[in-house]
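Step one of this worksheet: look at the structure below.
Order as written gives the chain letters A, B, C, D and E; numbering starts at 1 within each chain.
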Amino acid sequence: MRTIPSPDAEQRPRGLAAQALPEQGRFVKEGPSRARIAELAGNSPLLRIDGLVAGYGKMEVLHGIDLQVGAGQSLCLIGPNGAGKSTVLHSIYGFTNIMAGSVTVNGRDITRLDPNEKLRNARIAYILQDNSVFPDMTVEENLWMGGFLMESPAHAKGAAEKVFEHYPRLKERRRQRAGTLSGGERRMLEIARALVMEPQILLVDEPSIGLEPRYIGMVFEVLEDLQRQGKTIVMVEQNAKKGLQFSDIGYVLVSGEIAMAGTGDDLLRDPEVGRLFLGA
Amino acid sequence: MTPILEVQGVTKAFGGVIANDNISLTVPKGSIVGLMGPNGSGKTTLFNSIVGYHPVDRGSITFEGREISRLRVPEIARLGLLRTFQQTRIYGMMSCLENMQISVPDTRDGLRTMFSKVPPAVTQQAEGLLEFVGLYAKRHLRAGELSFGQRKLLELAMALMHEPKLLLLDEPTAGINPVLINSLIDRLKRINADLGVTLFVIEHNIRVIMKLAEHVYCLTHGQLLADGPPDEIQTDQRVIDAYLGA
Amino acid sequence: GGPASPKVEGDTIILGAAVSLTGKYSTNGKNTQDGYELGVKRINEMGGVRVGGKYYKIKVIYYDDESTPARGAQLAERLINQDGVKFMLGPYSSGLTKAIAPVTEKYRIPMVEGNGADRALFTQGYKYMFAVLSTSDQYLREAMNLAAEQAQKQGKDPKTLKVAMAFENDPFSMDVRDGVLEDVKRLGMKIVIDDKLPPEINDMAATLTKVKAVKPDILVVSGHARGATMAVRQVSDMKVDVPMLAVTHCDSAKVAETLGKAAEYALCASQWDRSLSYKDRWFGMAEEYAKVFEKEFRYDPPYQAAESTAALLVFVDAFERAGSFDIEKVREAIAATDLMTFYGPVKFDATGKNIAKPMVLYQVQDGKYKVVAPTKWAAAKLIHPIPPWSKR
Amino acid sequence: MLFFLLMVDNLSLLFNAPILSAQLLVDGILIGAIFALVAYGMALVWGVMDIINIAQGEFVMLGGYVTFFLAAAGVHPLYTVPAAAAALYILGWALYRTVVFRVVDKDMFISILATFGISIVLQQLANELFEADVRTAESGLGSLFFADGLIVVSQIKVVAFICALVLGATLFLFLKHSRLGRAIRATAQNARAARIMGVNTDRVFATTFALNAAICGAAGSLVVMTWLVHPYLGLAYTLRAFMIVTVAGLGNMASVILASLGLGAAENFAGFVLGTEYQAAFVFSLLVAILVWRNALLSRQRKYLK
Amino acid sequence: MTDTTRNVLLYALIGLTGLLAPSLAPAFRIQMALLWMMILFALTWDLGGGQMGYNSFGNVLFFGIGCYAPAVVQRELFFAVEGQPQATGDLATISPAFNYFNGFALGLTLAVIIAVAVAAGLGSGILGLRGQYFAICTLGVGVAAGEIASGWDYIGAGSGMVAPIFPGHPSQAALFFYYLFFVLAVICFFTLKRLYASRFGLAINAIRDDEDKAEAMGVHTTRYKAIAWCVSAFFLALAGGAFGHLNNFIDREVAFPGITFGVWMVLMAILGGKGTLWGPVIGATIFHVTQELFWTYLLGWQRVALGVLIVVIVVFFPLGIMGWLREQWPEKFGETVDLEARAAPVSLGEGR
């Protein structure tokens, strides 16, 4: 009989993906105060979430989230699988069932804005976690779709050309159907597409999924570049070390609640965070 | 060591793109072999060729000494060669537990097993595995309601449930929490050691591949660039240039 | 099953009918219902039916069978079981009648019908079903005879005549076809086309192309109202030249009115016509019936309506002669019917069909339906052969 | 027995008089053009909204009635084609806003059910309001004669054919190159991603559905001028459109046209040789055979039809 | 335990109602018999369409075979009534009960054999098709079968054929067919219940959710699909046989009612909630009862009302009634999250 011995908690935390560890739960109880959150955002938030309760259908996933990020700042959400990180981004964009709370940009309430108005009216772009290319369109057409809101198709095409310059690999494949791209190529296309409209706020859900090491570096360079141009970035990243290194602010999300908030570097240095969330 | 899988001169082109160019490699029985390479270098394509998703243009693929390059997907799967998908695939409307229960192999499917209820032992094992990937609490939820990473974990658990002879994993840790990755590696190693499941793993995460694999193949532009033990590969200049970066 | 005695509420005797208010037969189903309703109205206005010294009004319960046989059978069950109806009026079409007759027979409920003409109805040994109309094989026989006659007049042997047939694949039209086949055999003619039109057909181009190719002397078509419209319209569109075109249902399809010149010279089989000199005590002459009907429903009564009214009259007559609503007595009275109506004579043989009334044949001339056969009733002379399209 | 004799006769007739084949082919292709219109619309709605519109045939029927009533009121039937299209566009829009928008993101079968409900309602309302009489409208265009009058082509069918081609080409160019067209395609492939790009998918859906209804309305207008119209006409068109779209696939307008014309011709030949009673049976059996055969071929390449 | 008791009570209640219904409302026997038939329709359609994701529009094919086969057997063996102009006479005397039931039983057996054979034969070809290709093929098969039946003289072609009349009083006939349909529906229900509880149920669900994945996991998809299809054919053939004899008159429209029964099957299953065991039962009941009410009270407008009803239901209960309930109270359907619970330690390799 080949029995797998029950591993000790040190080595293999139980039910990590689904719920908080007992230790993680401790964080939740001591979740950051509003003041701390505001302070991290320099007390002048561009994007702000207050008391957000949201979920899918009847199921409540987020239980009162506060989040603030200032203009030109970057924020990284980390946490176990299923903690609700993607749900936060979904909620900002309006893909979830929002039961309470509000999302504001520049003081303007956008909670009830339709998803398709977010880019036009709030200049928020979103890179989804799961596959979102238009598979039966060519790479080129996918990029043109990125510029759908521009005044004319010619504008969109021009903008797409500019983006192509940064992504030679996509350029090589510009007439290939997007559905036939490899996993990493798709990811690149999705990222590139979100940049066409030059958004003010960028929501990025795990940009590095499926990317080769060199490209991960490259993606973070691109993001850095964007931030330098004054864009605000909210990111989810499982590659938490990279994410926190990059970000000004880091939040730890556990079981639909903010467990910790701090500057990226603070969190990186915190040994508890390291042990429980970075897998160090 | 006897090879369980032998790929010989496999070539696969899509129109102009040659995704696999004359690739030959072997996976020894009972080992853990890694496959890495830049995006679009043809890793997933190779997996697809092996498990029968499309016909190969040229070359031969043998599994336990048996030519399988002409067989169809379910036939190959029933030989004990299983794969997970890079773009995760689970049975969305079924509960997680049911997803696990149906993943028990079909090989001994007489009419009787077909119509019999799921044995308690199977359920127990399914629950155990779910517990391991942290989905036990959600075992009665529909799999379609899981988060991205949870789906990935479920798919992996399903593959483990099957206990195949050879398991091809396509980026099993992409999008998985780092803490969990550690124990996954652990678990995969144990499965390999205790149950003799041979593993063939695509990974971009260097840390994972270094910890896991005994032997690594590296592809670029559809061609085999290098192969060897992990530490050798990690320091191979060609691999660094083509893939790892400085 | 329901109450043992016939359904009489106060001084009203209740009859039941399933008719096609929706579905493919709904035009003719409506005609049928209107026919019944006119009869009911007239009888009730005249005081009702006198049975056993007392006057009873008449009422009919209707259901919509949606032109589907299965529904028809269920509705008959419902009328008999739930509504307690003991006397039934027929539905529209042979198919529906075929579906309902086994039910009425099973429950021994007398049914008088005016719209099921397929001969197969009368070979089942049904004892409770009576039909006031001529059987469907009769519809186009007159046309075949005319064709033979005309051939002889021109000094041709009728045996040289080529016949093209296009019949809807339903019980009624199939029996029309059988009638034609029998005559073709009798007269020694040759069949060159034998197409069966599926009920949902909307286009006859394939058949008509064949007609153009084989140049028959007679083209016979039967397919209820839709078949008539389609045939007449497409023969004209495709400029198909045939010396004789004979169709059923063209009066209820109003081909002369709606298709104008295209309908000219078409022969139409009819059970009845307003110009006939039949007469009864309820409506008077056929023409008077037609006028009352027009006034009530604002359209020319097609024969389907007249038949239906006649079916009701048969019941009225039988009730009065039986002097009771006893089912068996009424059945016997119906079987012994020998009645003259505005619609024509009614007398049933042992199988329940009316053997007393002949069919008539119209020809569309100058946009009007003119009776051209049988000679006894003819109001106009047959124009034969039909001039080719190039000369029209 | 008689059946087989006649069938052999029919075949030899075709061999002896090839001109008949020409007539059948021409007729079939012209009929096919009408199918093509209806099928386009279906493919569009199916592809973009993931809805199989069962009320397709009812739109055709209503378009026919628009023409019929306008013609009865004295308008020349040919001028009523745009009117029918416009009327149906409005109806399509209204239906989307009241019913279809609620089911558009649901399982495909839900939408089948909803549009089936709509189709019954439209059909029965037509039966109640317009009566079940069979109606036609006379275009007054007459016919063209070829080969000494052996081939007759009614001009209205030619008009229908040209309409179908022009509409098809326009639609193709529109989808391929216009902004809205690209938005429609993007929505079809990944609605959520399209929304993120700022596409108002709801409006795209409404437009698509209304556009489809308009196309069907135009087709119906042509139908009543060529053949006839009655409340129960719809099913035949829905079925054929469904068939065409399945064979031709969703994305490809050219193959929709080809399949439609092919279907028209196949029906005509089958009707001629086998008799109309086996026309439908033949066409449907052929369909099954083609699909099974194609699938079998693909399965050798480890693929299947999709 | 409480759950089981509740279930047993529920079944007992329904069973009892089913058994007593014909005596409680004798006038409605036929309608109630048809209710059971509708339930059977919805259940068998759901087996393919709901549970397996193979949406068939051609299930009437098996129903049609079922209609015709016993009628043909009756005609050939015992009752020379149909289509023979010479065979007149008293129906009561040429329909002795013994022959009637013998012929009927024989006919049903034949119907089942043919239907299952046809299902197996056709299945090998068209079950390889997916999605809409499968749907259109089944539609094609259903239509073609109807057309062929209406051209085939042996079974009466377009004129149809007549099954012998039930030997005995009509009310007995109604009773007989009522119980026949009742028993059929009950057997069908429990058969499916048992099937869904087994590996078979999981397998066809997996095929529905992602057939590629199921294949890749080595599930014998072809075998499961064929079996599901044959089970549908089996029950539909029996239903058809009973209906043909109940209706007496059989023609293409009765036997291959593609746009009535054929569509209703789908409607009822979806209305109740496809992919569930009870959904089709509930859907069929609601559909049948409302339909009958509309027929009675909305003469001529009943189809309009039906259409509106369908639209309204679909708009407000897009997941069907069971689906809606499940969404409202997921926990009642076992969709629970128990954060505290933990599984027993696993022992690999001991699972089976």
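We take it that a contact is a pair of C-beta atoms (placed from the backbone, for glycine too) under 8 Å apart; a residue touches a chain by one contact, two chains touch by 3 or more.
These numbers were taken from a predicted model, which means no experiment stands behind them.
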{"item": "Contact-graph distance - origin chain B, target chain C", "value": "2"}
{"item": "Identity of the chain that, by mean CA position, is farthest from chain A", "value": "C"}
{"item": "Farthest chain (mean CA position) relative to chain B", "value": "C"}
{"item": "Chain pair showing more contacts of the two, B-E and A-E", "value": "B-E"}
{"item": "Gap in Å, rounded to a whole number, between the CA centres of chain E and chain A", "value": "50"}
{"item": "Centroid distance [mean C-alpha coordinates] between chain D and chain C, Å", "value": "35"}
{"item": "Centre-to-centre distance between chain B and chain A (centres being mean Cα positions), rounded to whole Å", "value": "28"}
{"item": "Residue numbers of chain C (touch at least two other chains)", "value": "22, 169, 196, 198"}
{"item": "For chain D, residues contacting two or more additional chains", "value": "124, 235, 277, 280, 299"}
{"item": "Shared interface positions of chain A, touching two or more other chains", "value": "2, 4, 14-15, 18-19, 59"}
{"item": "In the complex with chain B, residue positions of chain E that touch it", "value": "194-195, 197-200, 202-203, 205-206, 208-210, 212-224, 227, 275, 334-339, 341-352"}
{"item": "Touching residues on chain C, where the partner in the complex is chain D", "value": "22-24, 26-27, 29-30, 166, 169, 191-198, 200-207, 209-210, 212-214, 225-226, 229-230, 233-234, 237-239, 253-254, 258-260, 390"}
{"item": "Sites on chain A touched by chain D in the complex", "value": "93, 95, 114-120, 125-126, 128, 132-137, 141, 144-146, 148-149, 153, 193-194, 197"}
{"item": "In the complex, chain A residues that touch chain E", "value": "1-6, 14-15, 18-19, 57-59"}
{"item": "Chain A contact footprint on chain D (complex, rising order)", "value": "179, 182-183, 185-186, 189-190, 192-202, 251"}
